[in-house]
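Chain nomenclature is as follows: A, B, C and D, assigned in order of appearance, with residue numbering initiated at 1 for each chain independently.
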Amino acid sequence: MTHSYVLTFSCDDEPGIVSAASTALLQLGCTITDAQHFDDQLTGRFFSRIQFDTVRADLEKSEVSAGLSPVLTSFDATWTVTSTDERMRVLIMASKLDHCLVDLLYRWRTGELPMDVVGIVSNHPREVYQNIDLGDLPFHHLPVTKDTKADQEAKLLGLVDEYRVDLVVLARYMQILSDDLSAKLAGRCINIHHSFLPGFKGAKPYHQAHARGVKLIGATAHYVTGDLDEGPIIIQDVEPVTHRDTPDQLVRKGRDIERRVLAAAVRHHLTGRVLTNGSTTVVFAD
Amino acid sequence: MTHSYVLTFSCDDEPGIVSAASTALLQLGCTITDAQHFDDQLTGRFFSRIQFDTVRADLEKSEVSAGLSPVLTSFDATWTVTSTDERMRVLIMASKLDHCLVDLLYRWRTGELPMDVVGIVSNHPREVYQNIDLGDLPFHHLPVTKDTKADQEAKLLGLVDEYRVDLVVLARYMQILSDDLSAKLAGRCINIHHSFLPGFKGAKPYHQAHARGVKLIGATAHYVTGDLDEGPIIIQDVEPVTHRDTPDQLVRKGRDIERRVLAAAVRHHLTGRVLTNGSTTVVFAD
Amino acid sequence: MTHSYVLTFSCDDEPGIVSAASTALLQLGCTITDAQHFDDQLTGRFFSRIQFDTVRADLEKSEVSAGLSPVLTSFDATWTVTSTDERMRVLIMASKLDHCLVDLLYRWRTGELPMDVVGIVSNHPREVYQNIDLGDLPFHHLPVTKDTKADQEAKLLGLVDEYRVDLVVLARYMQILSDDLSAKLAGRCINIHHSFLPGFKGAKPYHQAHARGVKLIGATAHYVTGDLDEGPIIIQDVEPVTHRDTPDQLVRKGRDIERRVLAAAVRHHLTGRVLTNGSTTVVFAD
Amino acid sequence: MTHSYVLTFSCDDEPGIVSAASTALLQLGCTITDAQHFDDQLTGRFFSRIQFDTVRADLEKSEVSAGLSPVLTSFDATWTVTSTDERMRVLIMASKLDHCLVDLLYRWRTGELPMDVVGIVSNHPREVYQNIDLGDLPFHHLPVTKDTKADQEAKLLGLVDEYRVDLVVLARYMQILSDDLSAKLAGRCINIHHSFLPGFKGAKPYHQAHARGVKLIGATAHYVTGDLDEGPIIIQDVEPVTHRDTPDQLVRKGRDIERRVLAAAVRHHLTGRVLTNGSTTVVFAD
C-alpha cells in the first residue's frame, strides 16, 4: 500500500536546495508525485511544496523527518512534513449568520474538507443553530461583552490548547479578536470578510457599496493578524451585481461568495498549499 | 424602411408615466422593441430606456420629440431621444500607454463602437503613436505642466466646443483634470482606472497590490467628477492573479482588463444605456 | 400597506401592448416598480415582466386579473399575474448525491428561495439522508426499476396532483423521466446537468472530460422536455480546471457549480423571471 | 549578468528524475528559480518545467544541453532546453476577420508576446488589411480553392521551412488544413475556435447557439491535429450572454473571447508552459 506525504518548506534562495531535497527523498525510497516551487525574486525567498509517495509499508513519518532534517536544516529552512492521512484538528467559530458554518460542515461530512472538526464555538447559544445537524460535535457557547472579552478569549485559548487545535476558522464570527489572541493564533486562524471595489470601512458595508453603485461584490479569506482584515490573503472572488440589487440582495449574493471563498481557503490550508511570505502568501494550485 | 429611436428618461416615481409614454409612442405610430425600467425604491426615482421603431419614413426626430415632450414635461422628467442613426461625437485622450487607444480605434473601425471619433488629444507628440494607424483623425498635442495646466485645459475645452464633442474618453490619459474642467464635462467624460481588493492610493498601485498579495486585479470605468476616481461607476471587472505574478505581469494583465472594461463602458454610454442616479448609475443591459 | 404583484405575458409583437397594459394598471391604482420587456425580432414575439404595487389594501388579485384580462385577451397574450406573497409549491426529487438537495433546503430555510417545499421524493430510502434535517417535510420513497417505471411515475404524478405542485425540481435525480411524464410537467420541471466544452454523451462524463483535457467544467439548468437534457436553458455557469484535476476533483468542483446554478434557476423561476420562447428562454435579470 | 533558461521534459514516472535533473543543474552552476512538476497518475507519465539562472557569462546553451543530456537520456525523456533570450519564429495565418491578427501584432509590438513574427499568410490579398500597420512584415497571399489546395499547402509548408518557423498561429484562418499538413505541423500549430454549451457542428455556429438559447459563449485554443477542432486543448474561456444577444452580438462578444484566449495560448506556448500529454495538455501556470 502506498503512503503519501507532503513536504513544504521555505528558505533563502541558494543553489542546491531542490537537488538536496529530492536526493534525500530518493534515498528514503520515495517518489515525487507533485511538486511546485516558487522563487520570490523580489525577496530572495524560496518556497516549495513536494508531494511524494512511498511503497515501504513500514516507513514512518518520523523516519521521513529524520531523513529530510539534515538537508533542510543545512539550508536553514522552515519546514513541515505531513502524512496525507493526518487530518488537521479544526475549531469553527460562528455567530448568528450560519451560512459559512453550514457549508463547512457539509463539505466536512462529504469528505471534501479532510479535517477533524473538534468543536464549534459561538457567542450565541446552541438554539440559534437548531436547523443544523451538529451531531456529536462539542458546542461551546462563549458569550462576550466588552467587559468579559479578556476572559472569553482566555476560555477560547483554553479550548484551542485542550483540543490541540491546528486551525481556527472564523466562519462569519462577528467578534473582533484582540491583538494578543490574533498574535497567538498567527498562521492558524482563517477569517472571511466581504470585499468591494472600492473598499468600505465601518458598519453596513453592503449598504455603503449599494450607495456607491459598485458593480462587483466579493469576499476575501485571509489569515488573521493583529491588523484586522489585513492579514495575508489566501483566496478572493467576486460576482457581478447591478443597479437592481438592493442592499438585501447584495447581502444574499455575498453569502454565496463568502462560503465558497472560505471553503476554498480552508481546503488549501488543510492540504498544505498555503505558505505565508511576509504580508502575502504563496498559494500552490490544487 | 424602419427608423429606430431610443428614449431615456428619469423622473420622480409617480403612477402613470409608463402608460403615458407608451401611449404617446403609440399615437406617433411607433412600436416598442425593447424597454427596461427601474424604480429606485430607496430614492423614489424612476429610470427608463425605451427603444422603438417607426415605419413612417417621413417621421422626423423633431416630430417624435414634439409628440413626447408634453407627457415627459408633465412628469418633470429629464429625457433624451436619439435616432440610432445618430452617432455621438467622441474625443479620445491618451498618454504614453496606448493599449486603450488602440483598442477603441479598432472597435470603432469594425463598427463595434457606433461613434464618430472627431479627434485625439495627447500630452505627448504624435511620434509616440507611430505604430498606430491614425488615418485622417485630427491629432492634437497638448503638453501640460503645472504652470500651463489652466491654459492647456482651456485649449482642450476649446476643442470640445469646436468639435461639438458629445463624449470625452480618457483612454489612460495620465493627467488629473481640474475640478473646474471635471464639472464642465460632467456626465460626458469617461475614465478608466485600476481597481484592487483592497484598494490602494498613491503611486505604483500594481506594486502595492503585489506587496499586499492580492489575488484579483481589476478595472473600473466611471464618469469623471471633481472627486478623482470616485465618480459614478459604469462597469467593473477583475481577473485572478497569483503569487507568480510580478508587478510587471500585473501591469500586463491589468492592460487587458482596462481596455475591455473601458470599451464596454463606452459602448453602453453610446447606446443610451447608462443613466446617472446621484452618485451611482443605472446601467441597462445590452 | 403595499401589495406587490408580478404580471408576465408574451404575445405577438403588435403596437400598443405596453400602452394598453400600463394604462390598465394605472386605472387599477397600481404603480409599476420594475419592468423588463423583450421583443424577439427574429420570431416577432414580445415578452414582458411587470412588477407593480398597489396601496389599496382591499385590492384582490381577482380584481387585478379582471382588470387586466380584457387588454391581454385582446392581444391574445399568454399571461399570469401573481402576488409576491403567493409562494410556489415545490416538490424536490433527489437520488444519492445530496449536494443540491441540501443547498435548496438551506436556501429555503433562510428565505432566499421564496417557496413552500411540499415534499421530497427519492428513489432511495430516507436513511440515505440521515445527516440532513428534513424536519416535518413529507418524504416519499419511490424506488424504480425498468419494470416498475410506469407505475413509479404514476405515483409521482399522483403526488404532483395531490400536493398541487407548481414546480418539480430534479436536484440531481438520476432517473430519466419518460417522454410522457416530461410532457406532462412541461414548463414546471427544472433539471440540472453537467456541461463541458466540448460536450460528452454517455456515462462518466467527468472522466470523459478529464481524458479530453477540458479546461472548463460547467453546469446547465433547464426545463425538462422529452428531449433529455435538451430543454430550454435557464442558467449556465462554468469554472476553470487544470491538468491537476483528477476526475474526482472535477466531480467535486462540479458539485459546487451544480448547486449554485440550480439554485439560481429555481430562484428565477419562482420570481416569474423565466418565460419560455420556443426552444429557448427569456430570463429577466434579478 | 544573469542568463535564464527553461528546461521542459516528460518521461515515464520513475524515482530519481527530479533529483538527477536538479543535481545536474547544480553541477552546471545553475539556480532553479521556478519549477512545476506534474505526475499524471492515470498514465504514469511525469512532466516538468524548470526555469533556472546562471551567473556564468560564458555558459553556452550547448554546454547546458551537454550537461543535462546524460541524465535525461537515462530516463528516456523527451526534452527541450531554451534560453529565455531565444524567441520563437512565428508565422501568423489569417482570413478576412482580422481581430485576432490585430491583437497578436499589438501584443507582439508591446513585447507582451516574446516572439519574432516572420511573416503573415492569408488567403486574401493584402488590401484586406489596409488599416493594420504591417510594417516590414513579409505578407504572403496564398489564395486557395478546392483544386489548388494541395498546391497552396505545399507553398505554405515551403514558407514554414524557409523561415524556419517554430509556431504557426491560425488567427481565425478560415480554411481547414489537410490531414497531411496537420500531421506535419503537429505540436507547432495553434488554432482558435468558438465553443458553446452544448457544442454545435456545422455552419453559422453563433446562429445555432442563439436558436438554442445558450447563456454562455466561449472559445478554445488548441493544437491542430488531423481531427479538426479536436486537438489537445490549451486554453478555454467563456462569457455570459442573454436572450437580448442577437447572433450579431454573439459574434461581437465571441471576437473578444477569441482574441484573448488565442493570445493566452500563444503566450503559454512561447514560454514553454504547454506540454502535450496524449490527447490532452499539461499547462503550467504563468
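Here, a residue touches a chain if its C-beta (ideal position, glycine included) is under 8 Å from a C-beta of that chain, and two chains touch if they have at least 3 such contacts.
As the structure is a computational prediction, the values presented were derived from the model and not from experiment.
Chain pairs A-C and A-D differ in how many C-beta pairs they share in contact, with the greater number at A-D. Subunit C maps onto subunit D through a rotation of 180°, based on Cα atoms and reported in steps of 5. In whole angstrom, the spacing between the mean C-alpha positions of subunit C and subunit D is 41. Distance between chain centres (mean CA atoms), subunit A to subunit D: 36 Å.
Shared contact sites, meaning residues of subunit B that touch two or more other chains, fall at 34, 38, 41, 242, 244, 285. The touching residues of subunit D, counted against subunit C in their complex, run 38, 40-42, 195-199, 210-216, 218, 220, 230, 232-238, 242-244, 246, 277, 279-283, 285. Those residues of subunit B whose C-beta lies close enough to touch subunit C in the complex are 13-16, 18-19, 22-23, 25-26, 29-39, 41, 285. By the touch rule above, subunit B contacts subunit D in their complex via residues 34, 99, 102, 106, 109-110, 112, 131-133, 135, 242, 244, 249, 252, 255-256, 260, 285-286.
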